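Let me begin by handing over the structure; questions about it come next.
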Amino acid sequence: MSVARFWRKIPQRYNLTGTRCATCGRYFFPPRYLCPDCRRAGKIGEHRFSGMGKVVTYTVIRTASEQFEQMTPYVLAIVELDEGPRLTAQLVCSPDEVRIGMRVRPVFRRISADGESGVIHYGTKFAPENP
Amino acid sequence: MSVARFWRKIPQRYNLTGTRCATCGRYFFPPRYLCPDCRRAGKIGEHRFSGMGKVVTYTVIRTASEQFEQMTPYVLAIVELDEGPRLTAQLVCSPDEVRIGMRVRPVFRRISADGESGVIHYGTKFAPENP
Amino acid sequence: MRDVAVIGIGCTPFGEKWGSSFRDLFVQAGTMALEDAGVAGEEIGAMYVGNMSAGRFIEQEHVGALIADYAGLASDHIASTRVEAACASGGLSFRQAFIAVASGIEDIVVAAGVEKMTDVGTGASVDALAGAADREWEGFVGATFPGLYAMIATDYMNRYPLTREQLAEVAVKNHYNGARNPIAQFSQEITIETVLSSSLVADPLRLFDCSPITDGAAAVVLAPLERAREYTDTPVRVLASAQASDTIALHDRRDISTLDATVAAGKRAFAMAGLSPGDIDLVEVHDCFTIAEICAIEDLGFCRKGEAGRLTAEGVTALGGDLPVNTSGGLKACGHPVGATGIKQVCEVVQQLRGEAGRRQVDGARIGMTHNVGGTGATVAVHILGV
Amino acid sequence: MRDVAVIGIGCTPFGEKWGSSFRDLFVQAGTMALEDAGVAGEEIGAMYVGNMSAGRFIEQEHVGALIADYAGLASDHIASTRVEAACASGGLSFRQAFIAVASGIEDIVVAAGVEKMTDVGTGASVDALAGAADREWEGFVGATFPGLYAMIATDYMNRYPLTREQLAEVAVKNHYNGARNPIAQFSQEITIETVLSSSLVADPLRLFDCSPITDGAAAVVLAPLERAREYTDTPVRVLASAQASDTIALHDRRDISTLDATVAAGKRAFAMAGLSPGDIDLVEVHDCFTIAEICAIEDLGFCRKGEAGRLTAEGVTALGGDLPVNTSGGLKACGHPVGATGIKQVCEVVQQLRGEAGRRQVDGARIGMTHNVGGTGATVAVHILGV
């Protein structure tokens, strides 16, 4: 498993650093460096998201790939950040607790451990705003 | 690393079992189940090769992929079997010894060890006929 | 642009084929297709091969050349090209072959699809399949492929009237059809209880909502329509070929429960053929999961959003219904050797239009459609065939 | 079949780009190509993406859709197709794009190539690259990619007059050219001694006989010739597009030292363009190893078998020579991001034909050729471009 691939995205995954198009005002997370609306006219800058948002949809993963096997069952969701963009993330809550529309806040957690290399990947998960 | 993929080829790799087209008489190793000359008219049967042959060309591998790293340097050659077909194989001889046209005979050897799974792969290498 | 026809089809039995290698599978399907077409190898001008992930499944890339070689065509030095778009690889292979013939660049072209999936364990294949979605922003956080479709199902069921039982009806219907297809991976009919009592994979999807891991290959032979009768009495015309893309990640879509790429490709295909949904006699849709069939029926325009569950429960999409969907058994019951699926769909429609579908024959079928999806909808290929 | 022109080109700097991801690289090249063409995103009808092994290098398949998405084109739902033939993926991507425009199916088409190789270690990348050859009957016994070309070199040097020094001259020339190409991975000139004193990789090939591991992306924009002048004053015509295959394994070839697929594709290209080798002003050949350039020059018909070493030593293929070969620096010095190479070759020829190649400009160049090889010659794409 690659190391550079994960280092490169540490600011994005640890701090929810995405981008914003100054031309049209649209926010991007995961970050984009080309605005689909403004294309080459778009002026892209970095934006650090607060990470506050709500659950758009979700599932409970019961059968996972090798790297995530020991974490099952876990709640996976699409979260809409308050600035507009959506991302896929794990929720730190029980399968019974999750609801569509539920407000969430970001928490920094271990995402997975790579068995082969022993590298542990960290990143942002989300927890219910009002537990 | 896959297990079925290697089991499937054990007869071929251990015993040099290839194929022959009864229609045109052409031999195939590695085995083919469709004769390129006769196509659907070709009647394909199994053929066990004696493994006697000669070196067509060769190299000495000094930088290998992970599975073969601990075996470097090793001699790799294209061997032409006496029945006609050619295959790629390691030679069990020193880099100084190998020559184009050199007669070779088959020897059963460990081909590689898969570090991750611990599976050891065996197969046919070739040695000089007259050492 | 010339008219193009399918003049031959071949498909291996689908399933866990431990005795067959990647190249064995293709040779079997390719030989059947050439025999069916009555085409000699040396007449073939080019090949296209749909394959998703031989690099991960058997550590082999460059499978276009591999397959032309093991088909005995190396000495003719024919052009052979691998095309990849995850689960839509087969559909795109068919489309590229269609373009090659329609443009006049080639006359006889083989479009094939192959996937050899059971040479790796389940964990490794789940991981390879996750490569169809966004590895960095979906797979990295633990999204599996069933998990992504499960999130479509959660969203869909929250917004539209679809019951868990109606969703199960999709699987029941497709197993019924698969039981009538000799090449299908599963030959057993199932009941709603089979689905509802199977283990949860990703809520609300259960094991019987999911297509299986499958080995298989399929091939078809294309020719200019004007030459098709030299080879066959039953040429099947390609009336439309369309392809569309969308965001790689599900979270970036305009609407979680509508596959806009299906909508776009469907519209383009109907426009090209000068047809509308009412003209279609049967359709093979991409039911990698039960929810995918529900979305496909709606997104292709066969009914309004939210109606497909009810129509399925009412039998409209069953073999004897107004619009038989997935007469082959679909990905669900016939099996889903990823790169081969899009070509198998064409084989099924051709069999139906020729009237050779045996116990699953749709009476009087004259126009059929195929719908092949890559990932969660980032690529869609739609084809319309007719006699 | 319409005439087709290249109306825009873009290429990232090649090298070890640790700061850039796969999608970053493509966006950079694609944006440059669209800017060069003066084409707006919404005018693009389709994309083709050449990529060998994103599945192994970054665990990501389905990169056609990924790239259309990150190019900001998802909402247009354009058709985007990944094409793979190992190191010839870029050449095949260009060919498919050419066919799409020539056939009239699309007007403005982007042909791209990308490879992100340095996200895995050297051992893993050697292993991924071995997937270009026959995994079961070459890779399984310990054949590496340099090892296979080394066996070509051993056979060639046994049968034809080629000295070790002449072979080194290929690398020296290509580094000389690369030093004059701002995007090249290596900007240093080297001497014969540099090559001969570098470590042996696979006898007789040494480190400086081998192309490096490279990250990079390239993109070109194609349009019907009749519309090209709407976009550019310097359209470059595609005079021929040809593709050929051969056995996947080197040991199954008719002749170890002749790439029959190069011979076949070369002949087809010359026939299509109505040209002969003497008409070509410059050629980008696939010099993944020094011996590969020697074979290519001969197999394309520029000289007889056995003469290319002498011609190289005499400077015939140098910048000021009669037939400049690999003015970009080739794979050897410019770098070899596998899937991008075939497109980069087109970018180089277009720059030369436009007279924009700066310090490596070939005076009065009007017709150029590209030659892109997959594996050890199982796939070859040849294109001829002209102004």
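By letter and in written order, the chains are A, B, C and D; residue numbering begins at 1 in each of them.
Please note the rule applied: a residue touches a chain if its C-beta (ideal position, glycine included) is under 8 Å from a C-beta of that chain, and two chains touch if they have at least 3 such contacts.
A quick note: this is a predicted structure, and the numbers were derived from the prediction, not measured.
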Remotest chain, chain D as reference, centres from CA atoms: A
Name whichever of B-C and B-D has more C-beta pairs touching across its two chains. B-D
Between chain B and chain D, what's the gap in Å when you average each chain's C-alpha atoms? 31
How many angstrom lie between the CA centroids of chain A and chain B, rounded to a whole number? 49
Using the average of all C-alpha atoms in each chain as its centre, how far is it in Å between chain B and chain C? 38
For chain C, which residues are shared contacts with two or more other chains? 21, 58, 73-75, 127, 130, 134, 136, 139, 249, 252
Residues touching two or more other chains, restricted to chain A: which are they? 5, 9
Where on chain A is chain C touching in the complex? 5, 9, 13, 30, 56-69, 71, 74, 76-78, 86-90, 95, 100, 111-112, 121, 123, 125
Of all residues in chain B, which touch chain C in the complex? 2, 4-5, 8-9, 32-37, 39-40
Touch list for chain D against partner chain A, complex: 18-19, 21, 24, 27, 31, 34-35, 40-41, 58, 70-75, 118-120
Sort out for me which residues of chain D touch chain C in the complex. 1, 21, 46, 52-53, 55-56, 58-66, 68-69, 73-75, 77-86, 92, 96, 99-100, 102-105, 127-128, 130-136, 139, 243-249, 252, 254, 260-261, 264-265, 374-375, 378-379
Please name which positions on chain D make contact with chain B in the complex. 123-124, 126-127, 130, 134, 136-144, 146-148, 150-155, 158, 199-205, 249-252, 256
